[in-house]
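These are the structures in question, set out in turn.
The two complexes that follow have chain A in common; it is paired with chain B in the first and with chain C in the second.
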Partner chain A sequence: MRVSHEIEITPAAVVLNGQPIATNEQGEKMLVELYRRYVKDYPKFFKMDTLSRLGFIAAELLLQDQPVAAVILANRSASIKNDTDYLATITGENYYPSPALFVYTLPNIVTGEIAIRHHIQGETSCYILEKPEQLEPIILSQINRQSPILAGWCECSGPNTFNAKLQIIWNN
Partner chain B sequence: MEQLIEQLKTQIIEALNFEDMTPADIDTDAPLFGEGLGLDSIDALELIMLMDREYGIKLADPKAGKAIFQSVRTMAEYIQANRTK
Partner chain C sequence: MIYCIGHSIISPLGEGSQANVEAVKAGRSGLKIHTDRFESVEPFCASLFDTPQEFVPLCIRSVEMAKGETDLADPSTIFILSTTKGDQLDLFTPAQSIARHFGNPNPPIVVSNACTSGVCAQITALRLLDAGLYKSAVVIGCDIQTKFIISGFQAFKALSPEPCLPFSPDRKGLNLGEATATIIYTSEVRKGWRLEAGSIHNDANHISAPSRTGEGAYRCLTDVTEGIDPAEIDLLGVHGTATLYNDDMERTAIERAGLQNVPMSVLKPFFGHTMGAAGVVETIIGMELIQRGIFIKMLSGFGGVNAAIRLRCE
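Now for the complex of A and B:
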């Protein structure tokens, strides 16, 4: 197993292949700043929940033109941030459930968003794990391919509490 | 009617998260789905919720949606004729 590229995103910092990327904003606003600077042409980004925005931006900066066979992510909090936002639309007297929020009440939606954008037709999985280290045996079981895979930790529990560490991983 | 159209455009931008768009960017008579704004089925559900939440309109007949959601103007005309708040 070999890691060729890696990105880490926290609410205050972005590090791509060991090099920090300067940003003016922090938290959710930083993800929008990165979209406006590096992506620009995918307005569906604005419909995504924070977890999907995080995974999408991380994949966008990391993959660029590198094809991958699969995307395997994991996190601890599933889609709790968006679940909470959705709950707010169905609680109390103002019962107006939001369809746009409802469609993101599953953590694996982030892998689907990445797969659609990068035409990944292999496995897309999102595991709920206690620690990032627990993902490693899962990756090892999936990496018997010629092409690399995109894998890593993509965690979001609030608008300003998230972290992602995604890697391009090869079999050799 | 023009005031309602402008208000509706603002509400659509907010409800559908068109963060880079202003009311002036939306053609009042352009199709909402397909060409024009290019909305999808989830957006359609959001528009139905918007009409309920903001104007007290519950769409009982799903078939009527095609005519109502043709453009911002047809939405505004339907709202003006059927609003309860």
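Now for the complex of A and C:
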């Protein structure tokens, strides 16, 4: 197993392949800032929940033109931030469940968003684990891959509490 | 290759795999029209437990029934939970409670790949055991219905007001369901059912609509049937949610893979769509229905994800 590229995003910092990327904003606003600077032409970004925005931006900066065979992500809090937002739309007198919000109440949607953007018709998998180290054996057991995969931790528990560490991993 | 040691299903149709298989054979369904559950603004048709169940005790009961002689406290055993909403939106803590209840020292793995989770969890077990990382795996699938889920599917206009009609021209949507099921797998060679292959593919098309060409499902089917004559396959367990587009997508994928003449099973009219439990429940029923031969189980879900596995019993 060999890691060729790596990105880490926290609400306060972005580090791509060891190099920090300077940003003006923090938290959710920082993800939008990164979108406006590096992506620009994918308005679907604004429909996404914070978890998907986080994974999307991380994959965007990390992959560039590198094709990958699979997207394997894990986190601890599943889709709790968007679940909480959806719950607010069905609680109390203002009952108005939104299908646009409901679809993001699954933690694997972020893997689907990345697959669509990068035309990845290989595997997409989402695991809920205690900590990032638990993902390693899962990735290792994914044998016989000719192309690299995109894998890592993509965690979001609130608009300004998230962290992602994604890598491009090769089998040789 | 991994081998099935034991299994169990707890659903509104009964306690234990046998009771559930007998219910299916007798044509009994858990589907009912409900007007007074989950503060629903309109009546809905679903397969629900008469008495509301708690997630963790339900899973524990299912594992108890399936475990037989297996030593679940052994460090070479891994617990894998398939669920989409877990216990009140928390997915990891309930998995940990279940594993701890049986004295298992390993942090459990939760697979949350939308409606394909139950098949993906079995694929995860296959890989981890094949890699020699563990000797046995306890694969549990469970989801319990809530106002959260019912309201969301209602907002999606995906629910049929009456019992669902998979692959019918008159189909109106899906019914939700509650169940838990467990399969215990071992890497030790034994007689009976074995899980031979698994495949997961994304459509890379849309997060909430299936691919018109069935691309991901087609790729999963060709992966797990590679080198196998369709005439050798005894049963294809389809997803068959009875939504307009997903049934169409599956038909396209099955035809593209040349499997249109394979006998098919569709279980949603009995259990409803049990979400994280579906892949485990439907795998067990398929194995019990045919008793021997080659069984392919496929599923697809939100996020554009598709999965299939191949099981065999000689």
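Things worth noting here:
To be clear about the criterion, the second predicted complex is superposed on the first by the 171 of 172 C-alpha atoms of A that agree within 3 Å, B and C clash if a C-alpha of one lies under 4 Å from a C-alpha of the other, contacts with A are read in each partner's own complex, and residues count from 1 in each chain.
The rule is simple: a residue touches a chain if its C-beta (ideal position, glycine included) is under 8 Å from a C-beta of that chain, and two chains touch if they have at least 3 such contacts.
Here the structure is a predicted model, which is why all the values come from computation and not from measurement.
Of the two partner chains, chain C is the only one touched by A:90; chain B is not.
In the superposition on chain A, A:99 contacts both chain B and chain C. Touch criterion met: A:127 reaches chain C, while chain B stays clear of it. Counting residues of chain A touched by each partner, chain B versus chain C, the larger count belongs to C.
By the touch criterion defined above, A:46 lies against chain B but remains apart from chain C after alignment on the C-alpha atoms of chain A.
Common to the chain B and chain C contact sets on chain A are residues 97-99, 103. Residue ranges of chain A in contact with chain B, taken from their complex: 32, 43, 46-47, 94, 96-100, 103. Residues of chain C touching chain A in their complex: 41, 84-86, 89-92, 95-96, 107, 109-114, 120, 124, 127-128, 130-131, 133, 147-148, 151-157, 199-208, 215-216, 219, 301-305.
Residues 71, 76, 78, 80, 83, 86-87, 90, 95, 97-99, 102-103, 105-109, 111-113, 115-116, 118-131, 134, 137-138, 140-143 of chain A are the ones touching chain C in the complex. Against chain A, the residues of chain B that register as touching in their complex are 15-20, 42-43, 45-46, 49, 52-53.
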